[in-house]
Amino acid sequence: MKFSREIELRGHIVDSGILAKVMDLVAEYNGDFDTEEFSLGRQKTDPSYAKMKIGAETEEQLSQLISELRRVGALVIGEEEVSVATVTRAKVAPEGFYSTTNHPTHIHFNNTWIPVENMKMDALIVVDKKHMTAKCLVQGKLMPGDTVVVGEEGVRVDFPERPREMGVFEFMGGDVSSERPSLTMIRRVAAEIIQMKKNGKKVALVGGPAIIHSGASDAVAAMVREGYIDLLFAGNALAVHDLEHNIFGTSLGMNLKSGELVTGGHRHHLYTINKIMEAGSIYAAVQSGLVTRGIMYECIKNDTPFVLAGSIRDDGPLPDVIQNTIQAQDEMRKYIVDPDLGMMLMVATLLHSIAVGNLLPSHVKTICVDINPASVTKLMDRGTSQAIGMVSDAGIFLPSLLEALHELEKEE
Amino acid sequence: MKFSREIELRGHIVDSGILAKVMDLVAEYNGDFDTEEFSLGRQKTDPSYAKMKIGAETEEQLSQLISELRRVGALVIGEEEVSVATVTRAKVAPEGFYSTTNHPTHIHFNNTWIPVENMKMDALIVVDKKHMTAKCLVQGKLMPGDTVVVGEEGVRVDFPERPREMGVFEFMGGDVSSERPSLTMIRRVAAEIIQMKKNGKKVALVGGPAIIHSGASDAVAAMVREGYIDLLFAGNALAVHDLEHNIFGTSLGMNLKSGELVTGGHRHHLYTINKIMEAGSIYAAVQSGLVTRGIMYECIKNDTPFVLAGSIRDDGPLPDVIQNTIQAQDEMRKYIVDPDLGMMLMVATLLHSIAVGNLLPSHVKTICVDINPASVTKLMDRGTSQAIGMVSDAGIFLPSLLEALHELEKEE
Amino acid sequence: MKFSREIELRGHIVDSGILAKVMDLVAEYNGDFDTEEFSLGRQKTDPSYAKMKIGAETEEQLSQLISELRRVGALVIGEEEVSVATVTRAKVAPEGFYSTTNHPTHIHFNNTWIPVENMKMDALIVVDKKHMTAKCLVQGKLMPGDTVVVGEEGVRVDFPERPREMGVFEFMGGDVSSERPSLTMIRRVAAEIIQMKKNGKKVALVGGPAIIHSGASDAVAAMVREGYIDLLFAGNALAVHDLEHNIFGTSLGMNLKSGELVTGGHRHHLYTINKIMEAGSIYAAVQSGLVTRGIMYECIKNDTPFVLAGSIRDDGPLPDVIQNTIQAQDEMRKYIVDPDLGMMLMVATLLHSIAVGNLLPSHVKTICVDINPASVTKLMDRGTSQAIGMVSDAGIFLPSLLEALHELEKEE
Amino acid sequence: MKFSREIELRGHIVDSGILAKVMDLVAEYNGDFDTEEFSLGRQKTDPSYAKMKIGAETEEQLSQLISELRRVGALVIGEEEVSVATVTRAKVAPEGFYSTTNHPTHIHFNNTWIPVENMKMDALIVVDKKHMTAKCLVQGKLMPGDTVVVGEEGVRVDFPERPREMGVFEFMGGDVSSERPSLTMIRRVAAEIIQMKKNGKKVALVGGPAIIHSGASDAVAAMVREGYIDLLFAGNALAVHDLEHNIFGTSLGMNLKSGELVTGGHRHHLYTINKIMEAGSIYAAVQSGLVTRGIMYECIKNDTPFVLAGSIRDDGPLPDVIQNTIQAQDEMRKYIVDPDLGMMLMVATLLHSIAVGNLLPSHVKTICVDINPASVTKLMDRGTSQAIGMVSDAGIFLPSLLEALHELEKEE
């Protein structure tokens, strides 16, 4: 091999599969390696260490390979500083800009390793030279004058090691299975939520309208009221159906007590939107006594923040819905950068879950529940290392989760 | 139109859609009709009556059309007797034999309308001339000398009218929906089961192994013990996993209490089969004290009959499993011809549910529950007029159903 | 029954199932009916006629029942004029406003039956008293001073009769089946498209990004170029992946020729967006020679209009994407009101398909193709009488459709 | 740690993930390890080597851990001989018998490492002491006097290393994705089939009846005739529908040319079975000229063996169907032990595919195609390291595969 560079790997690189990934990448890129040093942690708590010379036939091939290795946590020996370039037109990034992962990242700048804030996938790194800080920014937010990291040199990614203690997130290992005992899994999820709350962490729900159709709105309302859910991300439909349920007792015209469509019920949907329009906002509708229970009611009453993001299939929409999709992302991001956000429940919505998944740093634990196995798989594939998926029915899952929370609280 | 015959239709032929079906068929076969008499029931409880002349361009076309009309309940005026032919070789039917629907059927024989017993789809009608009786028989059971109905002449099908009172089976109308309130639906199913039991009817369960994996075995065991389930149809896997759960606490090696795979658990499956082999049968294993709880245990203890039908993916199989598929059908049919059988719960098994569906007369109410919407749709398409489908998770559905049964019993 | 009104039904009311629906509704509302006149079309081409007295115990019950009957096409004898009310605040409708179906509708106003323009579901009817016209408007577009229809009185819906000639849309009858011969179905769809074009009708495609991932972009590009597709509705992702495919040969970093992920390919997605940002628009990128083939290229080159509607999961988005969801609906509506729009292909996108379905009048034929049976069912349930669904793989479906179009053209 | 044993690992243990698995297992069992020797292959073609001391707190814990490590390829230093026990009753295995994986396995017996023949999952190892051979046997085949391996000591499993050359089986890496370019994937599968044939390997098809319904029977018939398929595993339904297609032009009464149900077509299914019953067998029906084309015809004409395995949902069944499920397994196994069997196509059948998957050694490459993503995932989870899954529509997949085979043959 004509061209080569040395890299170092540290940590639980063997049992987290990082070393295996490195070798895969070398193979894939037709590169080569020579292991110059290797110490396998003798005991399972010890970190391992490897120093390898990575080779390739061409400079370009080597550079591509090295750039992939960086993304799984390799530190390149003799690492130079990051290169930066200046944005000249709004929303247009300099050629060759670095695009981020959702893992903790540092850049080597002015001889210092600076942590990058607000990590999310598929963003750029903007450096504040004056304050020696750096943060993630999406392309659409770039402004002229912004200093952006270019190329892969000088960027270090802390690829997540798989922890040894076996919580529910670890033992499921990113697995989606309909062959798990459902109520047991629910109980374990409940235990994680209780643990989160004890540690002062926040739990958010991203939910779809099937939560209401399937009859789980009372359970979610209770979870908001009792403080298990600290934040709600949803769309127009969830809010409208929830309000319709409160005002007319139906969801899209179906009586949720009997499961039957009611007389003229098809109109309730539009009539609900109209009533909220008249009131001015969901808040006003609660204050005026028009809305007296349900998920949105509990959010208002308990000061639980919610973001209702618009989509092109919305009727109305409600005055609270953010019609501009990029503004809606911004509004969600405000809550997601909160370092206390510890868990994200994604229930019965692919659109909103993917949108939120795009914004999440990899340390937030996620639970994806959908009746469609393909949706669950899709959500699990988005790079979160601490995610569990359940193919289940929201209408029974959420009431069972509430029941499990209550039981576990009692046991303590 | 050169060729024609007169037919009569009676009953709730308009609101059950039978008249619409007749017209569809006439249109499809490029036939024609002339309505000679029609009286629409003036009030909604009154039956309607129609007498129509059905025409076609050729004799053959007319005969095909008439034969289709018979299947939706048309009575052909001046109806001749059924034609019969004699079987000369075992399992070989005479040319042009009549193939059955699963609806109540009569044949016009020796000037009498004889009811056909043991109705099921896709069978033949065998006539006992001496006793003036008739019954359904599958082709593979034909013996030389059997007298078999040939052609469509003289056969009358009582196409099911849709009843006006709205039970859960009626209001769902053969609908599969994941947009119903799950717990409400479960409560309505529970109410139907309780009604069945009050009327002295039997409820059967056809279940797949996911019942055990998903952690619902205790709920099913309780339903057997408490007399909600009178009959169990399943395969080798459900029984093995249930027994493994009792003997080792695992299902395919997974601890159902923790949801985790246990040490060496992959062997439990085969070890369970071996233990039952050694005992000689499930009955013997219960008697000897090896098996002390679970679904199979409750079946043995409560004299609840079960049929375990073999499939090519079986390990073992258990000594109780009927390896021959046709014998297994025969054994299931024994229970299905019981006139007291009123309801069939089909949960998490496509293979066994379709097999049972093939054997069922159309008056048995069926409930199909599966996590896969395509499976539910497939089961609902098999001609049962009183079927409801739910796309749900067996592991939460069954415990919730048991809870609903208990609550409803208490309320009474 | 204390309260009653007379209704009339005309047309193929029996074989289209309309009479059966009427009786269902009467039963459901615990009403009653008395058939005062009934003439069943003697031959299959003759219309039928029914005059019925509909009764109920209370005035309110009767009014609800009558309002439902109107929606399936009943004409109320002695029908009064529509009531109207005036909008006083933007986006707030008068109490009791009429909400529309997607079927052709007339209102009885100033002694005239006026047709309602721009029919779509779940909208209001706004009357222009001066010009004696009426049109559908969504709630969010209401302006002070608008005159809106209130109540159900004086509104007539032409419920679609099922035509007798059996095209592919009729014989499928709203059916979703994975048990149809796929290539045969594709050939029939191709024949309908060719027929549409001969009749001067337009065909639109609503497509999801899986069209690109699954390798069908060349087929769609050809369909645009050859004039089979006259209009494209999509989101940011389809356009970005298509452009990435053209610029980098990949889709989300996967080489579509080899099916393998390429070196650094994860960046192509963002780099593509950046290049279009730099160019200013897709049009500019085509003009400048940056983009030289693909779906978007063909749209630009052939003046085929497209609407790219934003969603909250967008990266970027491209400058051509309409970020505001309500503006995006408006833009789509512009094309949908075109009376020449005859067919809508909905492929591999639930979000955009539902959004478009909400805007479509019921006479546009729709074809829904998705790998997920639940998505196909959901789309088929939205009230379009002329819809067919196929559970299939876009990556083979679209190339096969193009092949079938070419073969059929050759045969002529 | 009080108890310990030394193990050795050899080969591409890092990049195949074997070393990572070892560490996972140690962690899971709360054991410990001390790496006494480790040499990472310096170049990527070099094997690595590790010698580790594995420790645990109790003898039992250690023994469990060691037994798991053996299953991923660990060689225990100072390995004793296998223990054996003698079967005393038919079908009853000795306590603690060894249950197999589907990977190549050796046993240490009489100081020799003997390879185990006919490897499959979940079977026992029976030793022929006289000839010093060993083979897999399922429990139900055990006879008194058989010598069976007991415990884990002395058993060595060659856990599959992931090969470096990137064929389609390697690059897909056990992945199921609907986000691959479909026609590209099909072309790669076609290339693998052509390569198989060149190497004198056999390709088998396990297929479900949807192959016929979806219109792919001509493509499969051609693949049999042209020698791409050497062996067919199916059930009664595939054969009946194929024969019905030939005799009546329909499949379950649907005309596959038009996609429409034909007059009286529901009878074709039973009439077909009756005709074959009369002929005596499919072979006789082909010889007599009753059957003149189709999949079964080509199998008979080209001496392509087929196994039709019965299931409880069979109508008839055809005389060629093996009604006893265990006999059917035996018959399939006869062909599966053929060392030339190189590839298994599993299309549109979960039941038969799982049954065959249970019998397959891990070296046979498998391709799973189903419209249901859950079915594909389930098949991929069964331990075959060289499997690829496609969520696709059999009715277009198979004709496209045939087309790709023809194109590739032409290119050569």
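Per-chain numbering from 1; labels A, B, C and D assigned in written order.
Throughout what follows, a contact is a pair of C-beta atoms (placed from the backbone, for glycine too) under 8 Å apart; a residue touches a chain by one contact, two chains touch by 3 or more.
As the structure is a computational prediction, the values presented were derived from the model and not from experiment.
Visitor: Measuring between Cα centroids, what's the chain most distant from chain C?
Guide: Greatest centre separation from chain C goes to chain D.
Visitor: So chain C and chain D are the same sequence; what rotation in degrees superposes their CA atoms, nearest 5?
Guide: Superposing the C-alpha atoms of chain C on chain D needs a rotation of 180 degrees.
Visitor: With centres defined as the mean C-alpha position, give me the chain A-chain B separation in Å.
Guide: 45
Visitor: Need the CA-centroid distance for the pair chain A / chain D, whole Å please.
Guide: Chain A and chain D have C-alpha centres separated by 38 Å.
Visitor: If you look at chain B, which of its residues touch at least two other chains?
Guide: 166, 178, 371, 373-374, 391, in rising order.
Visitor: Can you list the residues on chain C that touch chain D in the complex?
Guide: My answer: residues 166, 168, 171, 178-186, 188, 210, 213-216, 251-252, 254, 256-260, 371, 373, 391-397, 399-400.
Visitor: Show me the residue ranges of chain A that touch chain D in the complex, using the header's touch definition.
Guide: 14-17, 19-20, 23-24, 26-28, 32-35, 38, 40-44, 50, 164, 166, 176, 178, 373-374, 377, 391
Visitor: Can you check the complex and tell me which residues of chain C touch chain A?
Guide: My answer: residues 29, 64, 67-68, 89, 91-93, 97, 99, 122, 138-140, 263-264, 266-267, 269-270, 273-274, 277-278, 309-317, 323-329, 332, 351-352, 354-355, 358, 371-372, 374.
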